[in-house]
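These notes open a run of structures that come right after.
First chain A sits with chain B, and in the next complex the same chain sits with chain C.
Moving on, here comes the complex of A and B:
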C-alpha cells in the first residue's frame, strides 16, 4: 500500500512539471492555431541555460529562472517575427513542418555545441529528502512542483486578470472580431509566442533540477505536451494543470506496476482514446473545430 | 479520346520512353551505389506518392504514415522468419494486414479535424512503436526482438530490389493518375475544398476518406516490408522513426501537394540533396535539412510545381 501512495505522490509531483511544460504549447495553439513541434526544444534550452549559468557562474539554479525567462522570451519573439508570423492564415501543415524544421535546427545545433552527454545539475541540497508517514519526498522535487504551480498561476493571472490577457483571449476567441475592435493581432501573436516560449523555458529550468538533461530531450517533451494538452482541452490553458496531473499519475502508476517503456505506450493510447472519444478535453473547454482551411 | 481528356497525350510518350529506360538500366550495366541510389529514389517517390494520395488530395494531414511502414517491416520480417513464407507472398499478406489495421485506426481518427487528426495519427504511430519495443519484455516472449530488432534472411542482389521498387513507384504513380480522374478523386478533392458542402451534395465523406487512407496505408506497409528485406536488419527506432513521416510530408510539399508529379519531383530532389549533404556534412546534415525545410516553407509554400504553375499562369491537374 505504501508503494501505491508513494507512486501517487511521485505522479503528482511529476504532473505539476508536465503541466508547466505544456502550458505554453496550449497557449500558442489556442491563440494562433500553431502546433509547435519545436516546443520541447524550448524545454531543452531552458534546462541548458540553467545548467550553464550554474556551472560557469555558480549561481543557485533557482536564481537562474529570470535569465531563462528573458532569453527564451526574446528567442520566441524573434522566431515568431521571422518565421511563424508569415504563416498565419496558411494551412496548418505549414506550421507543423516549419516548427519541425526549427526543431531539427535547434536540437542539432545544441547537439553540436554541447555534445550528446547526459548532464545533471547537482547542488548541495540535491539529495535531501523529507519523510512523512513512510513516504519519501525529495525537497528539490517538491520545490520544483511549487515553482511549476507558481508559473501556471502566474500565467492564469496574466490571462484572466489583466488587460493584456483580455486582448490575448479575445484574439484567441475570434481573430477577425478582435481586429475590428482595434486589437493589433500581430503584436498579440508575437507577445503570445514569446510568452509561451518563456514559460516553457522556465519549465525546462525547473526540469534540470531533477531530470537528466541532454540536447535530444526535446521531442519527448513535445509529445508529452500533446498528451497533456489534449487531456486538458487544447487551447484551454488552465486545463493543462489537470491534464498534467492525470498524465503524471498514469505514468507513475504504470511505471510502478508495469515497466517504464509500456507506460509510454499507455500514454499514447490514452491520448488516442481521448482524441477519439472526447477531443474537447476532460473539462470540455478545449477548442474543438480548428478546421483545415482556417 | 480518354487519353486526351485525361491530358495524358502530351506526356504519355516521354513517360513510356522513361519507363523503358528505367527498365533497361540494370541490363546496361549500372550497378553498385548508383543502382542503390536509384532504388532509394523509387522507394521515396512511392512513399511520398502514397502520402500524397491520402493527405495531398483530402487535406487531412496524416502525421503517422510511418506506423504502417514499421508495421509492414515487422509483418514481412515475421512472416519470413516465423512462418517461413517466401518474400513476395509475405509482402502481399503484409499489405492486407496493414489494410485491416488502417481500417481500425482510420475509422476512429478520420472523424477528427485538422490538428486533432494529425496528433492522433502521430500518437498511433508512436504507440505502435512502443508496443513493438516493449511487448517482448512485458509479456516475457521472444517475438519482436525488442530494441535489438530482427535479422531477416539474406536478400538477393540489388537488381531485384531495383525492380521491386520500380514496380511500386509505377504502381503508386499510375494509381494516383487513375484516381485523380475517377469519382473517388473528385470526392477527395471536394472534401479538401469544403467537406460539409461535399457531404450535403451526397459525397459519402467518411467512407471515401477511409478508402483513400486504406489504399495509402497498405501500400506504405508493403514498401516497408520490401525495405526490411533490402536492409536485412530492422529495429523499431529506425522503421518507426518520425523522420520518415517528415520526409514523406516534406517531399510531397516540396514538389506540390495534391499533384501527380509533385511527389515524384519532390522525392527525387530531396533524396539527392540528402545523399549529397549526408555524405559531405555528416554531423551538420540534420541542421541543413532543418534549414531547407524552413526555407522551403517560407519561400515556396506551393512547392516546386505550384511555383511553376504560378509562373505559367495556368493550372492543370498534372502540374
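Moving on, here comes the complex of A and C:
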C-alpha cells in the first residue's frame, strides 16, 4: 500500500513540475494562438540562468528566481517585438515555422556558449527528503510544486481579477472587437508573450534542482507542455495544473504497476484519445478551434 | 616619368611572379608527394544525448594526431607523413553518422576511417565503411549487434557489452557482506540494454539472484517512480545499463527517493568527467565497468606506459582520460602500426585497405591500452574487464585484485548519514 501512496505522491510532484513548465505555453496559445515550439528552450534558459548565478555568484538557487523572471521577460518582450508580432493574422503554420526556427537558434546558441556538458545545481540541500508515515518527499520537488501553484494562481488572478487581465482576455476572445474597443492589441501581445516567457523561465529555474541541465533539454519540455495543455484544455491556463497532475500521475502509476517502458507510450496514447474524444480538455474549457481574429 | 617607373616596377614584379610560379610548379609534385598527409576521418556525436561522451572520443583522436605529428608524423619507408584529421558532428543520430562517413569516404577522400561513439551511431556508420571496404577501428561501442552481422571490416577495441560488465559481477562475491540479490535496470538502447543483459546472464553464475529486471526508454527523464519500485524490492545491489546522462539521472533519483542499495554498479557513465563534475559528493562509492586504468602495466613506443599516456593526457586536456578514450587511441595506434608494417604511403588504395583488414586479423597487438586480438567477428577477444569505484572524488581501480590499486568501499553509506 505504501508503494501506491508513494507512487501517487511522486506523480503529484512530477505533475507540479509539468504544470509549472506548461503554464506559459498555454498562455501564449490562449491569447495569441501561437503554438510556441521554442517553449522548452525558455525552460532551458531559466535553468541555465539559475545554474550560472549559483555557480558564479554563489547565490542560492531560490533567490535567482527574480533574475530569471526579469531576464526571460525581456527576452520574451524582444522576441515578440522582433519576430512574433509580424505573424499576427498569419496562418498557424507560420507560427510553427518561426518558433521552430527560434528553437533551433536558441538551443544552438546555448550549445555554442555552454557546450553539451551535463550540469546540475548541487546545493547542500539537493535531493534532501522528508519522511512522513513511511513516505518520502523530496524538498526540492515539493518546493517546485508549491511554486507551480503560486505561479498558476498568480496568473489566474492577473487574468481574471485585474484590468490588464481583462484586456488580455478580451484580446484572446476576439482580436478585432478588442481593437475596435480601443485595446492596443500589439501591446497586449507583447506583454502576454513576455509574461509567458518569464513564467516558463521560472519553471526552468525550479527544475534545475531536479533535472540534468544541458542545451538540448528543451524540446522534451515543449512536447510535455503540448500534452499537458491538451489534457487541461488548450488556452485555459488553470487547466495546466490539472493537465500536469493527470500526466504526472499516469506516468508514475504506469511505471509502478506496468513497466517504465510503457509509461512514455501511455502519455502519447492519452494525448491521442483526448484529441479525438475531448479536444476541449478534461474541464471542457479549452479552445477547440482557433479561428477568431487570427 | 612616374608612369614609366611604375610600368617598369610592374614588369619586374610580373617577371618575378612568373619565375616564382615556375619554381613552385617545378618543385611541387615532389613536395606534395612528400607532404601529402594521411587523411583520417571520423563522425562522432558532439551534440545530442551522447554529445559529451562523443566529445571524449574526439579529444582522444586529436591527442593521437598531435602526438604523432609532434614526433614528426608516421614513418614509412624512411619518410615521415603527418596525420590530417577530418571529423563531423553526427548529432547523436545514426542516419547522420552513416551519411557523414560516406561523405568522408567519397568527398573528403580520407585514407582511413576511425569509429565514433555509441552503438547505434557506430552500427550505422560501420555499415557504410564496410560497403566501401574501409577498416574501422572503434573504442566506444560494444553492443552485440555490431558483431553478428558478418562484417569483415569492423574492429572493436572493447569487448562485447555483456563481457564488459563481467567484472562488475565477478567482484560481488568478494565483497563483505556478500550480496545475494540484485535489481537490474537499463536504458533500452543497444549498448545499455546489452549491458543489462550481461548483468543478468552473469549474475546467477556468481550466486546472485536477480529479483528485478526492467528496461526503460531513453525518452524517460524522471526516474523516481522506477527507482521507488526497485527500492520496494530491497535488492542488495543495483546494476544499471547506462550512459553518462542515465547514470547522473539514476544517482539524483536514488537520493530523491532515499534509496541506498549496498552497491550501485554502472556499465558506463561514472568514468566520464561530467558525472563527478555534476554530482560532486553524491557520486561517491559508485562502481563502474571499465576496460583500462592508468596503473595497468602496458606500454608502447608512441606513448610509453599507460601512466605516461595518462599524464600527457592530463597535461593536454586538464583531465584524466576515460577508458573509451584510451581504447579509441589504441584503435588509431593499431591503424598506424598497420601502415608502418605494411609500408603503405598516402594516398591509400582500395587494395591497401583490404590488406590492412587482413593484417588486423593476423596477429596480436600490444600497446599502452593492453592486449588486443580481434576475433572473427571483430571484437577484442583478450582484453580483461576491470572495475573502478569513486573514492574521495577519484576513480580507483578496485578489481581484479591482482592489478587493483585500492580496495572496494562497501557497503555504500546511506544518503542520510553522509
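General remarks:
Following the convention adopted for this analysis, the second predicted complex is superposed on the first by the 285 of 294 C-alpha atoms of A that agree within 3 Å, B and C clash if a C-alpha of one lies under 4 Å from a C-alpha of the other, contacts with A are read in each partner's own complex, and residues count from 1 in each chain.
The rule is simple: a contact is a pair of C-beta atoms (placed from the backbone, for glycine too) under 8 Å apart; a residue touches a chain by one contact, two chains touch by 3 or more.
Only a predicted model underlies this, so the values are computations on that prediction, with no experimental measurement involved.
In the superposed pair of complexes, A:29 makes contact with chain B only, with no contact to chain C. In the superposed pair of complexes, A:256 makes contact with chain C only, with no contact to chain B.
In the superposition on chain A, A:165 contacts neither chain B nor chain C. In the superposition on chain A, contact is made by A:10 with chain C only, not with chain B.
In the overlay built on the shared chain, the residue A:83 is in contact with chain B alone; chain C does not reach it. Once the two complexes are laid over each other on the shared chain, residue contacts for A:211 go to chain C alone; chain B is not touched. Shared contact residues of chain A with chain B and chain C: 259, 261, 264.
Of all residues in chain C, those touching chain A in their complex are 46-49, 51-52, 55, 185, 188, 214-217, 219-222, 224-226, 228-229, 232, 244-245, 248-249, 252, 255-258, 274, 277-280, 282, 415. Chain A makes touch with chain C in their complex at residues 2-3, 6-7, 10-11, 14, 111, 115-120, 122, 126-127, 129, 131, 136, 138, 140-141, 210-212, 214-216, 220, 251-253, 255-256, 259-261, 263-264.
Chain contact summary for the complex, chain B toward chain A: residues 59-61, 63, 108-109, 111-116, 118-120, 122-124, 126-127, 130-131, 133-134, 137-138, 192, 195, 242, 246, 249-250, 253, 257, 283-284, 286-287, 289-294, 297-298, 301. Chain A makes touch with chain B in their complex at residues 29, 33, 35, 83, 86-87, 90-94, 96-98, 100-105, 108-109, 112, 219, 223, 226-227, 230, 234, 258-259, 261-262, 264-265, 268-269, 271-272, 275-276, 279, 288-293.
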